[in-house]
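Every chain is named by a letter (A, B and C) in the order it is written, and numbering of its residues begins at 1.
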Amino acid sequence: MSVAIGKREQRIVAIVWVIGIIVVWELASFLLKYVIQDPMASAKLPYPHIVAMTFVENWKILLEAGLVTFSRAAIGFALGSSVGILLAVLMSLSKTMERIAFPYLIVSQMIPVLGLAPIIFNIVRDMNVSRIMIAAYITFFPVAVNMLSGLKSVEQEKKDLLFSIASSKFKVYQKLMLPFSMSYLFTGLKIAAPMAVTASILVDMLGSKSGIGVKILYSLYSNSSNIFWASVLTSAFMGIISFYVVVFAERLCLPWQKATPRKEGVRA
Amino acid sequence: MKSKVITILWPLAFGIALILAWQFGLFHKVLDLKPFQLPVPSEIASTLAANLPKALKDCGVTISGALVGMIIGSLMGFMIAAIATFFPKWGYGGMIVVTALNAVPIVALSPIMNLWFSTGMEQKIAVVTVVCMAAMAINGYSGLNNINPYSIDLMHSVAASEWTIFKKLRFPNSLPYIFTASKINIASSIIAAIISEYFAASTSGLGFGIKDNLRKAEMAMGWSYIVVASLAGVILYCVILLVERDALKWHASQK
Amino acid sequence: MNAPEIQIKNVSMVYPVNNGQDIVALTDVNLDIQEGEFISLLGPSGCGKTTLLRIIADLNQPTAGSVAIRGQSPRDIRMQRKYGIVFQNPVLYDWRTVRRNICMPMEIMGIPKKERTARINRVLELVGLQDFGDKYPFELSGGMQQRVGIARALALDPEFLFMDEPFSALDEFTREKLNEDLLSIWSKAKKTVIFVTHNIPESVFLSDRVVVLSPHPGRISAIVDINLPRPRENSIRETPEFYEYVTKIRRSFEGV
């Protein structure tokens, strides 16, 4: 970073930003309604305070629906992460394995996975299973690629040190490779978490009976625009929360990271 | 030379084995599926061949929307990153907000865009724009700011203006990051375009095609659309890779 | 004289390069090292000194020739975990505190917990880091980090100590201080030490013998016995004898 700003100041800046956005939004809604006189104004961009009130009034339903979607996303996320980590370890263990799997890993990202959602839903015919599957599939890629890049970034000297005391392959992974890759893994997890939530919401919208995606669609078709906006906001919060849960977990798990946190990850 | 052949042969053999296993019903047996649920590759290929003009036309609609949205979104994203760089104190806070926005599920965006824009194409472009903007802003900001402090000191030592520093140092430094963002955005723009077509008023495009064909239980057709979309994605990805190789000859990642 | 502790016979190392011009890192190196000796491998970069150390430590395999350590192969010695190694970088694990970094090889070797703790306390005191045991590496200065690397090697109580330019990244003041510390540790433990460096005064100060290597291709060009009295302290650097050795070695480079 080129500028050093204090933690306190940072927080103030962020708060001002949030307030600023709300104010601009209020203003834009007002302009849309009274200056441009758009007849659809209250649906296109309702006042944020009205959306907030709707949110407060309906928080129980929204929270319930959100939890349904969020929990499926979390299961898929856990599943996809485990498979991704496993594949990365296998690829780092065997050159042949890496040769086979890596090109497909890249190509698999080009397959519009979320485009597959309706097809997978058609095959499994079970809401929860397809939600979990798609969330898992989408989690899997960034986790595997980042984990692999972590495993490959271990400095040779660190491996030499363990080699010099004749440690077994298992010990090398246990004591060096896996802990070393943790920060890379978390980069992958941070990318994957909101994507898992997105996947889960999408499957909701494709014909589920419960979940926040259903709330979005129903309220859209039944012209209850306030509920619609509150639902959209809920889903946005879900994505943001999932991201910060991982950030929090990282702080907790990797206390030595405070000094030099890794900024960018491998996404493609 | 030998290792190069192996690098290509292994994955190729694996791919062929996979397709053969699929063709001869291994997946159907393992997953207990009927052929109408999961069409075999030969069926998908013949369906695609029979409907190629229509598939290509739909692909063109989706891809053009995705590309336009990606270009607008990337430009806007980079502008946000540049502005945030010129005003470090407030820009940093703004980037936190953008990072949060990046976590917003895209699906939630498409119904909103349906309200704002009337035609399918506009909706699509709007969704893709928003999606690509965040990734470019975040990566661009890192690129413009992850700079060796000595390089900036060197610039200051010759009394370079902020604008000169941007032009001569920050912008070239950000190029690798811009390409990273572009590679991310290629994949996500196609996905975003398809998703927006699921929900939009479109009557053409890959997303509409997939949804429509599934509704009509034409699974093979749906799959062939997926194949087309993937191929388009891979081709665009390769184009970006080629441009990157040409533009970033100096960067370590290209060796 | 006893049979040499380490016997290096006709060792050559060639790195194949794609364009056909292979790099000859070492050619026909012969060297005997006695028990308890402090040997420096000295030379400019590219002379193969690090490669030679890595061959002795079984981290690289020579393309020709052999190394015998007490009549055994380097691999046997490595499998019996008889040597400790210190690298140019401290090679600390960021996620472990100083104590747990020192502990790590002992965990792998299956040394009981009580014994580990005792050894950690002993080596921490030896390198003067008693008060820093619970810090993470990023909280330490470069010199302190390098001390941890040395402490980790010493904690194994190895019979051989291999050091690959351990102080080259440090400033001159820290380097001289650590040189002195290293000698006082060595005088207590009397291990056989092979020390790789490109710093002439450092090699003279530390060693019983300085093995001078020259590049293109890497080979031994001189072996200089250092007959300075021990124990040595930094004040010895100001004596004419010390200066003579340094000059002699420097001249041996100008000759090539």
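In this section, a contact is a pair of C-beta atoms (placed from the backbone, for glycine too) under 8 Å apart; a residue touches a chain by one contact, two chains touch by 3 or more.
Model, not experiment: these values are computed from the prediction.
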item: Chain contact graph, described as a line, ring, star, complete graph or other shape; value: line
item: Closest chain to global C-alpha mean, per-chain Cα centroids; value: A
item: Far-end chain from chain B, centres as C-alpha averages; value: C
item: Maximum inter-chain contact count - chain pair; value: A-B
item: Whole-Å gap between the CA centroids of chain B and chain C; value: 51
item: Distance from chain B to chain A - Cα centre to Cα centre, in angstrom; value: 16
item: Whole-Å gap between the CA centroids of chain A and chain C; value: 48
item: Touch list for chain C against partner chain A, complex; value: 57-59, 78-81, 83-85, 87-89, 91, 93-96, 104-105, 107-109, 136-139, 156
item: Residue numbers on chain A that touch chain C, as the complex places them; value: 155, 157-158, 160-167, 171, 175-176, 179-180, 182, 254-260
item: Contact set on chain A toward chain B in their complex; value: 1-3, 5, 9-10, 13-14, 16-18, 21, 40, 43-44, 96, 99-104, 106-107, 109-116, 118-119, 122-123, 193-194, 197-198, 201-202, 205-206, 213, 216-217, 220, 228, 232, 235-236, 238-240, 242-243, 263-264, 267-268
item: Chain B residues touching chain A - in the complex, by the definition given at the top; value: 6-7, 10-11, 14-15, 31, 33, 37-38, 88-90, 92-94, 96-97, 99-100, 102-108, 111-112, 114-116, 139, 142, 145-147, 149, 152, 177, 180, 183-184, 186-187, 190-191, 194-195, 198-199, 206-207, 210-211, 214, 219, 222-223, 226, 229-230, 233-234, 237
